Amino acid sequence: MIITIQCSDQIGLVADISRILSEHRLNIVSMREHVDKIERMFFMRLDVDGSAAEAELTNRLETVLPIEAVVHVNPSPNKRIVVMVTKEYHCLADILIRNNFGTLGASVVAVIGNHDVLEKICNRFDIPFYLITYDEEKAGSEDKIIELIKSYNPDFVILAKFMRILSSLFVANFKNKIINIHHSFLPAFAGANPYRQAFERGVKLIGATAHFVTDDLDEGPIIAQQIVPVNHSFTAQSMVKSGKEIETAVLAKAMDLVLTDRVFVYKNKTVVFE
Amino acid sequence: MIITIQCSDQIGLVADISRILSEHRLNIVSMREHVDKIERMFFMRLDVDGSAAEAELTNRLETVLPIEAVVHVNPSPNKRIVVMVTKEYHCLADILIRNNFGTLGASVVAVIGNHDVLEKICNRFDIPFYLITYDEEKAGSEDKIIELIKSYNPDFVILAKFMRILSSLFVANFKNKIINIHHSFLPAFAGANPYRQAFERGVKLIGATAHFVTDDLDEGPIIAQQIVPVNHSFTAQSMVKSGKEIETAVLAKAMDLVLTDRVFVYKNKTVVFE
Amino acid sequence: MIITIQCSDQIGLVADISRILSEHRLNIVSMREHVDKIERMFFMRLDVDGSAAEAELTNRLETVLPIEAVVHVNPSPNKRIVVMVTKEYHCLADILIRNNFGTLGASVVAVIGNHDVLEKICNRFDIPFYLITYDEEKAGSEDKIIELIKSYNPDFVILAKFMRILSSLFVANFKNKIINIHHSFLPAFAGANPYRQAFERGVKLIGATAHFVTDDLDEGPIIAQQIVPVNHSFTAQSMVKSGKEIETAVLAKAMDLVLTDRVFVYKNKTVVFE
Amino acid sequence: MIITIQCSDQIGLVADISRILSEHRLNIVSMREHVDKIERMFFMRLDVDGSAAEAELTNRLETVLPIEAVVHVNPSPNKRIVVMVTKEYHCLADILIRNNFGTLGASVVAVIGNHDVLEKICNRFDIPFYLITYDEEKAGSEDKIIELIKSYNPDFVILAKFMRILSSLFVANFKNKIINIHHSFLPAFAGANPYRQAFERGVKLIGATAHFVTDDLDEGPIIAQQIVPVNHSFTAQSMVKSGKEIETAVLAKAMDLVLTDRVFVYKNKTVVFE
């Protein structure tokens, strides 16, 4: 069983939590705990051996925790995700492959594209693809997408190279549930054309950043980042090619972390118990 | 305060430990816990805010732990190390620099060499250097070294490119206290001339391994490993040059981990709470 | 245009080669040259701007090179590969995806499996899959596979987690054309169950090696290697999971290098002009 | 012998250059060549076996190259560097150690500090240390430093954590000769307090950048960059600690590249033949 707890910090939390686990005859195999001393926030992830009624254990834990505590006992084991894409295939294909072979840690329930380029690969994997272009006004398109996503009730919305900026309204509908892959090691090269920017600046490394989406473009809480070395022999185009490899890897990593309940969000940061 | 605990696993350990900390009004800032389910061993490192009488807290913790438990409350904050060297300067110099500026996390109390090449650099830093050659029979030389080391009562003996094989007797005198840097990513290229072996095999990466020394040569518990890429343009000599950089870095990393009480040894493995 | 040359070394080779290119009004955009001084071997890869009749240019270059020189002008731009698999999907799926979107740098013309587990994913991508079990004697199965591969006349045979050992006869049929992904950073953990070996040894990094297949198991010329850090919290099973990511990445890297004519094989080594 | 050439690109350069080398009976062991097709610039580094009169060979090469070509035959084998520091020891100490053991690839001829903190470590290594505070007006202090540096006639000036911004006048005196280590993976976190910025942004990697100094602060041509992973458990202070390791490594790497004549500067970029 996995248990996650996020609340304000106070003395005795670990003692109270572990006493309750002990009373339920649950053995703690692995425990990760972090206190942000500045924000006075407490984060814990437990991997325990044994079995217990989930609802009862949750209630019991809540009795000893601060009122605003967020407790998850065995957080949704069958998570559902909706993927949003534009034209680039690499992240989507990686997700579809893992989904197909049951190693994603979630089920892809739908793919939404604002272009039809990736419809065929979805068909190959028997995953429903919805084309919602931005031909009409943006608000109307977004309303359709929001409605569609809600109909699938996903745990997370993955922006797998979705190249449109989402409105505040959209983001508010899926708070801390939208994960984006950005093609630079943020905050370097925020905004458009990061590889072009990187090429012109002559950097020796490029990267990718997976982050939760907030109102502030490219400013949401970072989940994972990686880089890959480049040199003078790279053109902006070959940087794009190398970048796609790292984008795929970073998004896969971030999804694995989130889907195994290792990521906690607060303010504009994350705690990640790798 | 740092607290480390190593013992056999049983249900309720975390509850008991954290209750005692809570009774002492100690707040757990960071907790790392691991259970080896195969060996049924429990490892914990706690970083707590607050103050308590160390001996009293240790005793109190021992009352709730299995009899063989090893508990350290604020494990020796002023650790002492003896460094053993042969002719290569890179690891020793890195240690002397950190020691000089107070960032090593320990004090270098003596350097022992079986050659005099590195005497001068020790002099520059006002660190006693002892030359003990292996001119006479090995056992005699080792006896002198053991006696000399014991006179300094160090927490750890660092083999910073000491190129002689130590006897079982020597190792037995400093169980789990001798740290060696080996110039390959073990178990690849164990034994002599790993860079020559790597060159001849045409590998695309070379590395270094820091490990505790046991009776079995190059087989002790591994603390840290890193690699660096190489290619066809490397000679065996330039592999040595690159390798020295990584040797220095890996030994520094391993020492930092050990000296901040993040490394637990059991059987032929380590638990490292980075 | 890409030009590759491999021959014994002698003074004036670069002058002669570049003079001929200059006579053909070809501008050298990027040149990589390496001489193995021990073996007295010369390797060159040129990326040139301009156009020339390939056969004529090849002949012209051969007039100034040692008799045994291997010259390729625009080496087969439409390379063909056959993939051999057993049960694990990760490397094959990555190859099929790149093949499907035209970014592999080659065409997958057939997949051969000794189990039928991966037939369906091949069907999804309209790639012919052939099941050749080893139910009968090994030699007979291999004969069938050799015949089948030859019928496709591929440039390379990719062992994408093909878990049977190939005979000398098989290897001799496709000299320097068979690429294998081995699930360890060779020479560490050669042989069977490398992740189990790695777990038991308590290493802090695991890796993967892509290499050409020769008669000596796990001893062929290495093309690419990468590692990924692990720690005490990994089981042998989670090492396998992490290992698969790196296996996929290393094989993809090696194939990209080979398919863009950056890899030269000689003796038991490679020259790789990244 | 090492030969470096930088000039505008034209057809036949390699043929002409290699013909001259061949006439001098020089064998090309390793050749690196790059053409920036956008800027139409040609860069070449040759490692050749054999001997030749340097001045005569240089003249001979210049006869076939464009008028503005910069040719170096065996570029100053005994390079001299002046190091500028403030209070942090890590980069300076690494340089002093390598200098002391003859592995720096240059000689440290003087150290200049605007604080006296690092005087003692220079004394330990018998390297002259000059204290030039900025107590008086900045221009006056800089004039003194310029004069002092010029008296040593160094090949390069290394800013090893020198924490004052240099004026345009200063920079103009040592064009493409000043190398700085910046404590972030530029362009992320340019300006002051990059680790504080990194902490507040919640990034998962921090880095360092070695670059030539130009008039535009933190905007000069980048030589080398590396990163190190961080996570939620890092404070701004522990990021500084980790950052220092990577700063030291990146500056050492950049110096090694520059001092072995592998770095070419043009516009705001570098070509680095690693």
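Labels for the chains are A, B, C and D, by order of writing; each one numbers its residues from 1.
The rule is simple: contacts are C-beta pairs under 8 Å (C-beta built on N, C-alpha and C of every residue); 3 or more make two chains touch, one makes a residue touch a chain.
The structure displayed is predicted, hence computed values, not measured ones.
> I need the common contact partners of subunit C and subunit D, sorted by label.
A, B
> Along touching chains only, what is the step distance from subunit A to subunit C?
1
> Calculate how many whole Å lie between the centre of subunit B and the centre of subunit D, each centre taken as the average of the chain's C-alpha atoms.
35
> Return the distance between the CA-based centres of subunit B and subunit C, expressed in whole Å.
40
> Mind pulling the residue numbers of subunit B that touch at least two other chains?
30, 34, 233
> Sort out for me which residues of subunit D touch subunit A in the complex.
34, 36, 185-189, 201-205, 207, 221-227, 231-233, 268-272, 274
> Give the list of subunit D residues in touch with subunit C in this complex.
So the residues of subunit D touching subunit C come out as 9, 11-16, 18-19, 21-22, 25-35, 37, 49.
> Please output the residues of subunit D touching subunit B within their complex, sorted ascending.
Interface residues on the subunit D side: 30, 89, 93-94, 97, 100-101, 103, 121, 124-125, 233, 241, 245, 249, 252.
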